[in-house]
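Note that the chains take the letters A, B and C in the order they are written out, and that residue 1 is the start of every chain.
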Amino acid sequence: MIEIKNVNKWYGPSFQALKDCTTSVAKGEVVVVCGPSGSGKSTLIKCVNALEPIQGGEIILDGVKVNDPKTDLPKLRSRVGMVFQHFELFPHLRIVDNLCLAQEKVLGRKHEDALARGLKLLERVGLKDHAKKFPAELSGGQQQRVAIARALAMDPIAMLFDEPTSALDPEMISEVLDVMVDLAREGMTMMVVTHEMGFANKVADRVIFMDRGEIVEDAKKAEFFGQPRSDRAQKFLSKILQH
Amino acid sequence: MLGSFDFDVIRRALPYLFLEGMRFTLTLTVLAAFGGLVFGTLIALMRLSGYRLLGRVAGIYVDFMRSLPLVLVIFWFYFLVPYIGQWLTGASRPITVGAFASSLITFIMFEAAYFSEIMRAGIQSISRGQPAAASALGLTYSQTMRYVVLPQAFRNMLPVLLTQTIVLFQDTSLVYVLSIPDFLGAASKVAQRDGRLVEMYLFAALVYFVISCVASYGVRRLQARIAIVR
Amino acid sequence: MGTGTYLDLLLAGLAVTIKTAILAWIIALAFGAVIGVLRTLPSKTASWIGFGYVEFFRNMPLLVQLFLWFFVLPELLPKAAGLWLKQLPNAPFWTAAIGVGLFMSARVAVQLQAGISSLPRGQKQAATALGLTTVQMYRYVLLPMAFRIILPPLTSEFLNTIKNTSVAITIGLIELTGQARSMQEFSFQVFEAFTAATVLYLLLNFVVVTAMRFLERYVAIPGYISGK
């Protein structure tokens, strides 16, 4: 479904954010990407839907080359859902309008259809009562659940999560993770940048460990948690698991 | 002296002052603010487009306009607009442009420079995640601007835009230099005709003062309300 | 007339513009400083006076204010004083400088108030704790920092002052715009006259901006914002 081949990315002439990254995500697979901050994991996931341009290699999404200038990026992006660290709901639109905007403007759905779809997803994330509110009236966890619903409303073939819980207060993390676990169990193709190893343990098929722009480890979940091959991954794991 | 203050002069002039003068002033203010906002937003988008040349051209326009006194710009356009019109329409002689059209074009072009700076600040005040989220949903650049970025920028900047419009309302009095009967021009005409400068100018000052005060009070109220909502 | 004399006329206009603007700016700074300080004092009366002053000068077009000073004020004064005012030589110049100066002083006051309120509260407390009087506190602690902070906006207010002197064309001041305008009337060389005036305004702007940048660097305090 997602193929990442020898991807290189620089910020400016001297700083290389991604070094020769190669990996893939198969249909129905859940892949967790972890690593210390500044390791390039968020950059990598943003390259998948071309929010960040790449300078070398190629990324293929459901058979379409992402970094081809001829690719219709808006159309491609509308088929992949993305969830951001800071939710990025549109603050000037009510919750329902946040859900409907792209369905109507990008997919061309009629308002009633978009609304029906949006409300159904709101119900699914347990927020139907908040449909008429503005984003600022919701808690962080609620906003992130809306953001997931907004992405799902586009009927995506895959979902990208960029540190979806790291801006949340601890007591709100589980309500978001629960939604994500359900989604994974239903067979959604997912690429998730996160430090939540509990989540990885529960639903991930594979775990990727990145450091300094490189993919250091790319292993089946059991292997990764059993005995990571690299020192760096071992160190990282011991740091975040010891508490 | 105030003893000889003639209120009747003002009373008799009221229909002319308001139906002719103030109507001209208000129409000019509203249309120029609207046109200036549209043009200004385009200029701001050009400056932020990432295309070097486009950004430079827009930047030079803004700096140029902001370096010149409005009075000089009014004279420039009054003189140039007929020639620009000739060039645009391909007419053989400079076209005649009415006083209203000429001042409207002047104020739109002049105010666009100031409005563009406000809109630029407004667009830049929006976090980068917003356009990223919009394009992740598949919205194109123009859809992102139209539905996500500009509505927020406009809302954030509304008090500043309105304050600038009050300044514009006062600045329209400068069309006086073209002997156009806006509100001040009308007052001045009556003042000269009846030899009643004191009454007419005091009255004009009072009217401008009251309108501007009420308007800026409204803006302050709005600002307080927005501050609470955030 | 040759081009030499045209240029002389424009330069004479430029000189009037500069003279008027500088006098107006001195007035604006002096009055603006007082009013700006008034607005930050704890006294209710003081801040009301400051507020009233600013609203008065901000809510009337500059042109109308100039008319009030030029046409209306002499009539409202006692006869002798009014007559003296009317017969003052160079009346348009003095009216323009004072009128534009007072108009701009309201803006300077607003900037200064913002500058003073942006200073950390501890500064005031520290000054008071050291036993400084209110006047000393403003003179030695608050104003030196506040003025440095608002130097960039003051630069643009000074540029506005220069531009605003052109409004005095309406009370008969022959400054740069007025000179270009009158040349157009007697020589019909509109384009040349306005272009020359435009270039001179751009030059003046450039000189002021450059000078202010030097000033900013000169008064910059190491480790503080404007020091970059």
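Keep in mind that, in the parts below, a residue touches a chain if its C-beta (ideal position, glycine included) is under 8 Å from a C-beta of that chain, and two chains touch if they have at least 3 such contacts.
Just so it is clear, the model here is predicted, and its values are computed rather than measured.
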Any chain that touches chain B and chain A: none
Chain nearest the overall Cα centroid: B
Far-end chain from chain C, centres as C-alpha averages: A
Gap in Å, rounded to a whole number, between the CA centres of chain B and chain A: 46
Chain B and chain C: spacing of chain centres that average the CA atoms, whole Å: 22
Whole-Å separation of chain centres (CA-atom averages), chain A against chain C: 56
Junction residues of chain B, two or more chains touched: none
Multi-chain contact residues (two or more partners), chain C: none
Residues on chain B engaged by chain A in the complex (per definition of touch): 127, 129-130, 132-140, 143, 147-148, 151-152, 155, 229-230
Residues of chain B defined as touching chain C within the complex: 1-2, 64, 67-72, 75-76, 79, 170-171, 173-174, 176-177, 184, 197-198, 201-202, 204-205, 208-209, 212-213, 216
Complex interface listing, chain C residues touching chain B: 55-56, 58-65, 67-68, 71-72, 75-76, 159, 162-167, 169-170, 177, 180-181, 184, 190-191, 194, 197-198, 201-202, 205
Contact set on chain A toward chain B in their complex: 46, 49, 51, 73-82, 84, 86, 88-92, 101-102, 105-107, 136, 150-151, 154
